[in-house]
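Same chain, two partners: subunit A is paired with subunit B first, then with subunit C.
And then the complex of A and B:
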């Protein structure tokens, strides 16, 4: 994507969390916490099943920024607070907006929600250059 | 509960050799099929030396090194009550296959907070600055752990 990075520019992206995503991410990242791979454990601790690793959700958001910016090397910083669990089968929607330009660097504020509009990450910001 | 006197504590360095297959596997695991992560020729065409590691890759050395449970234990945090509260990455340079990256986890902040509902929790911030084999800074990871009490 060849994106014009200017204040007020917006984009949106969407990821469907397929039923094996947390298993793939566990193997790749090394996060084998049972809440991410064992549905029985997830139910026993009141999560209703397996929840996706928060860093995988952040990975979706980082991908949305780098797809929008056109080059992963442009991403200089990304930050989030983990606010609500993402369950397998959920959709993760990201809406980004350039809120500040400082020289060559642009700061984005991002809203990351599930299919019901619940913010799964909060305080999400990214900087590209 | 967390031992708040351990603020400033440093753990032994994480030393991690970056493998091409791990870069590809990590990108695919997030559903990121950008060819620059999968194909070195595509990466070169895009101006990279080789396939770069995706932005959130710094989670790999932290978790696969097994360092997180060691830190949780040493900081006297209750493993069953700890949540990952926040994460931040800053990028200074690309990470490529064959790079050996080194980072020393450091406890930069520990404090007790009380929520609106009156429950207490300890907030523990851990920071790792990673450098490569040429001692060039490549990135910094900051994690906030929250222990409910």
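And then the complex of A and C:
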């Protein structure tokens, strides 16, 4: 996608969290914390099962930005607060809007929600250049 | 027990990570992002980067090399059972490419003691083999008391 980056531009993206995603991400990233790979452990600590690694969710969001910007090298900054767990079978929806242009750099505000509209990440910002 | 604020400023030994196109492909599939820049060598050769590049958040891979030593620092003694990842910020400078050798350092930049939890902020800085900054990550962990 070669997107025109201008103030007010918007996009949206969606990612399904498939049943094995936390295991794939554990293998890829090295984050084998039992809350991500062991459903019994997840239940025992009150999470109701395994939860997806927050940095995998942030990876989905970064992908949405670079898909929109058309070049992975354009992402210069991204930040978030991990606000609610993402469970296997959930959907992660990202809605982005360019809120500021400063020279060659554009700042986006992003809303990241699950299938029920719950914000799983908060304070999400990204900058592309 | 609260995390002692005397550890603000503590740094950990630097580590070096050699980036391979195979690890990049594995990570790209892990985050469901099979962008040809990451997984298609022929496409990547013709791109402006000239070879396979890593997704931005691949930074967690070389970052992990200095996060383990923080988590298992006996002197700092974090309660890992009560630790959650609170916030994350990445700044990306140079793009990371297959064949790069990335050197990473970690430093505790803040510790805040609150009534029911502590917050510890860890700055992770990475450079490539040319001495150029590639990424600065700020990892914020929350430890419930």
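FYI, the second predicted complex is superposed on the first by the 129 of 129 C-alpha atoms of A that agree within 3 Å, B and C clash if a C-alpha of one lies under 4 Å from a C-alpha of the other, contacts with A are read in each partner's own complex, and residues count from 1 in each chain.
The rule we apply is simple: contacts are C-beta pairs under 8 Å (C-beta built on N, C-alpha and C of every residue); 3 or more make two chains touch, one makes a residue touch a chain.
All values reported here derive from a predicted model rather than from experimental measurement.
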With both structures lined up on subunit A, is it a clash or a fit for subunit B and subunit C? clash
Contact-wise, after the overlay, does A:55 reach subunit B, subunit C, both or neither (first, second, both, neither)? both
Quick one: classify A:73 as touching subunit B (first), subunit C (second), both or neither. both
So in the superposed three-chain picture, is A:104 touching just subunit B, just subunit C, both, or none of them (first/second/both/neither)? neither
Could you tell me which stretches of subunit A are touched by subunit B in one complex and by subunit C in the other? 15, 21, 24-25, 27-31, 54-56, 58-60, 62-63, 66-67, 71-73, 75-82, 123
In their shared complex, at which residues does subunit C touch subunit A? 26-27, 29-33, 35, 37-38, 49, 53, 55-57, 60-61, 64, 84-93, 95, 138
Residues of subunit B touching subunit A in the complex: 22, 25-26, 28-32, 34, 36, 46-48, 52, 54-56, 59-60, 62-66, 83-91, 94, 144
Subunit A residues within the subunit C interface of the complex: 15, 21, 24-25, 27-31, 54-56, 58-60, 62-63, 66-67, 71-73, 75-82, 123
Within their complex, subunit A touches subunit B through residues 15, 21, 24-25, 27-31, 54-56, 58-60, 62-63, 66-67, 71-73, 75-82, 123
